[in-house]
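Presented below are the structures under discussion, each in the form of structure tokens.
Two complexes, one shared chain (chain A), two partners (chain B, chain C).
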Partner chain A sequence: MSMEFEIIFTAVMVATACALVGTFMMLRKITMLADAISHAVLPGIVLAFLLTGSRNVLPMLIGAGLLGLLTTWLTELLRNRGRVNEDAAMGTVFTFLFAVGVILISLFSRQVDLDQDCVLYGEIAYVPLDLETHLGLTLPRAFWQTGGVLLLVVAFVGLGYKELKLCAFDPAYAVSVGISTVVWHYALMSVVSLVTVSSFESVGAILVVALIVAPPATAFLLTDKLRWLLGIAVGIGGLSSVLGYYVAAYYNASIAGGITVVLGALFLIVFLFAPDNGLVIRWQKGRRTPQSVVAEPSR
Partner chain B sequence: MIVSDARRSEGQTIALEVHDLTVAYRDKPVIWGVDFALPERQLAAIVGPNGAGKSTLLKTIMGLITAASGQVRVYDQPLEAVRKEVAYVPQRESVDWDFPTNVLDVVMMGRYGQMGLFSRPGKADREAAMSALEKVGMAEFAKRQISQLSGGQQQRIFLARALAQEARLYLMDEPFAGVDAATEAAILELLQSLRAEGRTVLVVHHDLQTVADYFDYVLMINMRLIADGRMEETFTTENLQKTYGGRLNLLSEVAHLATRHSHILQAEKKPE
Partner chain C sequence: MMNELLDFILLREANTRYVVAGTVLLGLTAGMLGSFTVLRRRALLGDAIAHAVLPGVCLAFMFTGTKDPFILLVGALISGGLATFFMDVVQRNTKLPPDVVLALVLSVFFGIGIFLLTMIQQSGMAAQTGLDKFLFGQAASMMGRDVVLFGLIGGSVLFILFIFFNPLKLISFDPAFASSVGFHVFRYDALLTALLVAAITVGIQAVGVVLMAALLVTPAVAARYWTEDLRVMMWLAGAFGALSGWLGAFASYYIPGLPTGPCVVVATTFIFATSMFFAPERGVMARWLRHRQTGRRIMRENVLKTLYQLHEEVPEKQLFTLHDISEKRFFVPQELALCLRRLVKEGYVRQAERGYLFQQKGWEEAIRITRLHRLWEVYLAEHLAFPDDHVHADAEAMEHMITPELEEKLRQTLNHPLHDPHASPIPYNNSASTST
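And now, the complex of A and B:
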């Protein structure tokens, strides 16, 4: 396996996992909770390091999952009990938890083999250098970690498809037929926590948000069918990973940066030129239609 | 429970019983000590001014809002035990109709509660959904994206989704709000056929002019329950005055029902 392939393959796995959970977060209009969780899981990771003294994947995922749940729970608590707006609650909780993580890293910098730049920006270029052997196979550590989380995400979305769909479309009705929106909300948030952790080392806490938000947002302009939405979002995430790698390689720049720039560019192209919802098409339609009809509801 | 005991002695089965229900948002009461027993096989309306707690009452009965105190029983059992017997139709505006899905998928959601975790819709579910769509006259729209529906069509597929549940008790939040006359007539016909099949329907209704024509039972609320019972005995000027307070001047004409039947006639004349 070439190093180039290993990096791109990791990026595609990260992007796929992000696009799948991101689609349901977009439909529930809670994409910014991804931003919160991607930062708030940091103390969970650091504590897992400190307790186990290793970069073992499992404790890290558990630590992050717990912090993700804590973030979700604290946000809901502040909003329901304390007369705090949801965005203010989220902003307070995640910056606080992230700061706790940063302080833990500096306090225990000798024990913790983790630097803050890596957490924020990731470094996917190092993927081929860090190998791990399981089941007699020696592969990049990121393959095991990202691959495992991706399998979990695919299983979660596959098995919980109808519940996730209903909770996103009509939560009140979901509760009325006995589907607990609370349980599914926390389940989705736990999975998002795991996805952000598995993305930490490759793309970092800031750019993982782009991978969660941009592919579904772009795909939404291209389809009105949920299965297609998931598929196109995954496709856009994957395509951006591949193109982003070569953009970064050409300019000798950060790979995560390259991927995100491509994501932004693809979104802009679709926003302008999408067949039904593109700005250009709507503008052309608008010119041909009398003024009174132009006031049609936009989607 | 004095009310329900009296009714039971008349030999009527009680579909829905609400006892001393109080709901508060942050210490401010929205519903206060509401107590009623709705006999089965009724078309019942909940009326009251804006902010009287009509929608909140339905949501609390369905367990969407936690009550501060009181209890709800459906066919003399707690809701959890008979959830499959109860279908809820939320307000049409409560969802985003740009959601990427089609009409049949939405109606199929009516089967999710019965299907259980992780299972996928089967042939029986699809048939139930299609038959529900036929009942609301939307069968040919099965594959249509929901973003392309009119308000009246949106309301019909919400009703179809509840029909697909094949429940005994239906709770509907403003199903007549903002629909055209043809849809209104179609919905009314649907409610009447549900009653004819022995089901019970409780509807939040905002149009006082049609209440007496459409329903045979009424709950009049303004935070507290003002009156409840059969339409002819309960829907009186006096009770309307108590429910709507000073605003009744506008409504006094309504009470003697000058416009009786005119709505239905109009609806029948105007095809969609």
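And now, the complex of A and C:
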């Protein structure tokens, strides 16, 4: 396997997992929670480092996962007990947790092998250098990690498809047929935390958000059907990963940044030129309509 | 500690002076401006703008090759403005939910910024060091002219806030009403966003992207707990912001290696938590106390009414045991015991050897509550045509709510009835105590 392939393959796996959870988050209108969680997991990761003294993945995932849930829970708490608007509650919680994370990093910078750059850019370029052997196979560590997470996400979406769909489109009906929206909300949030954290290492904190939000948003401009939405979102995520790698390589820039540039470009193209709702089409229609109204009776 | 504290308070070192002045000014401006965005339910707009200025900063650097803060600021300003323009256009022309548009613009702009930043770093332009400042902020490196800049921008932001106070207040509280009376909500939203972009652009150099977002949200949310008045809230949020700026600057001064920005955020969150729990009226504690007080009053009224009913059944009986009370009406035993203890302490009843006796105060209260209960039953039966056997449950709830004015109205409307629908007498005479 070439290094190029290994990096792109990892990126595609991350993008697929992000696109799947991102679609449901968009439908549940909780996309900004991804931004909140991706910042708020920082202290969890740092504490896991400090407690175990290693870059072991499992404690890191657990620490960050717990922080992710804590963010969700605290936001709910501020909303219900503190009567704060949802967006303000989120803004208060995640900025605080992020600040704590940065303070921890600077206090224990000698013990913590984690710098601020890693938080921002991710280290997907180093994927091929870090190998790990399981089941007799020696593969990049990121393969095991993101592959495992991707399998879990696919299983979650596959098994809970009906419930997730109902919770997203018609929560009231979901409750009436005995589906606990609360349980599914927290289940989804747990998976989101997991995806965010496991992607964190490879693409960085904020770019996870781009991978979670941009593909479903682009897909939403093209279709309303959930199955298509998921499919197109995954396709866009994958395509951006591949193209993004080459863009980054060409300009000698961060791969995660390159992927985001492509994601943004794809959104812009669809936003302008989508067949039904594209800005250009609608603009032309808007200009043509009066004429066609005049023209039609003569037919 | 004392010496260092004094050094710090008296601003004996030039560097401290700049850092303190800078963070305090920033906190003040962000807090006041944040009051409007939080009420307008756009708390996270600041977060998005703060992330979105990065590509502008990088492009400005790439084109000019200098890291002159003023040129970078212009780049940031353009980039932030462009981001808010995009948000608006996408929002108007698609069915995407607002939070998706926000997250999209935030992450994509920031990603492009990272892309450009890494390009600059790889290209070996040695002067790139200053750009990192825009990500995490470096309050410690603040200089005299940064403070002057903060003062200028902060001052003009506040000046504009005061000039347009009334329209901004209107769109923050009730945008629907504002537009229905022919008000240009869009224009003032744009004004607010422009102020936000300006404040954020200068602020992120000191405290960084994420923490700038905190300064725009947390002090304002904290201030909201203390007041209903926007003007007061604004000043309070400004004061909270300034105080956190000062505390953060002190913490990073006192413990070397501690970054200023995050310390400011921790301080402001601490102020928020304190406000949330301890603010009078709106705080969690105050609401909990009020809730408990109402619960206690209802319990007291129910127990007294039960005592009155017992007395009514057997008029010669003056002394009521716990057993009598619980036979008549179900109470949770521990709660009943507690309530009776309070009734004794507050002088409603007297505890004798084998039971409880009415005191004058308790007797009057018992009569009042029984009367309200029965008046309401009459009202439901006569005026709202409730069946007689359905009125009791509703009256159980209403008796605790009826104000003296409403009681007077009821009495007049019903023409001072003597009996309720179950033929029990309605007691009017407060003074005819039987016990004491």
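As a convention for this text, the second predicted complex is superposed on the first by the 289 of 299 C-alpha atoms of A that agree within 3 Å, B and C clash if a C-alpha of one lies under 4 Å from a C-alpha of the other, contacts with A are read in each partner's own complex, and residues count from 1 in each chain.
The rule is short, and it goes like this: contacts are C-beta pairs under 8 Å (C-beta built on N, C-alpha and C of every residue); 3 or more make two chains touch, one makes a residue touch a chain.
From a predicted model like this one, the values you see are computed outputs, not experimental measurements.
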item	value
Which superposed partner A:V175 touches (first chain B, second chain C, both, neither)	first
Touching partner for A:K165 - first (chain B), second (chain C), both, neither	first
Touched partner set for A:F220, first chain B, second chain C, both or neither	both
Touched chain A residues, chain B compared with chain C	C
First, second, both or neither for A:A256, with chain B first and chain C second	second
Common ground on chain A, meaning residues reached by chain C in one complex and by chain B in the other	83, 220
Of chain C, residues touching chain A in the complex	38, 41-44, 46-47, 51, 90, 93-97, 99-104, 106-119, 122-123, 135-136, 210-211, 213-214, 216-218, 220-221, 224, 257-259, 261-263, 265-266, 269, 272, 276, 282, 284
Chain A residues touching chain B - in the complex, by the definition given at the top	27, 83, 159-160, 162-163, 165-166, 168-170, 172-179, 220, 223-226, 228-229, 299
Of chain A, residues touching chain C in the complex	26, 29-32, 34-35, 39, 78, 81-85, 87-92, 94-96, 98-100, 102-103, 106-107, 109, 116, 120-121, 204, 206-207, 209-210, 212-214, 216-217, 220-221, 248, 251-254, 256-261, 263-264, 267, 271, 277, 279, 282
Residue ranges of chain B in contact with chain A within the complex	26, 59, 62-64, 83-84, 86-88, 90, 94-96, 98-102, 105-106, 109-110, 112-113, 115, 117-118, 120-121, 145, 147, 161, 165
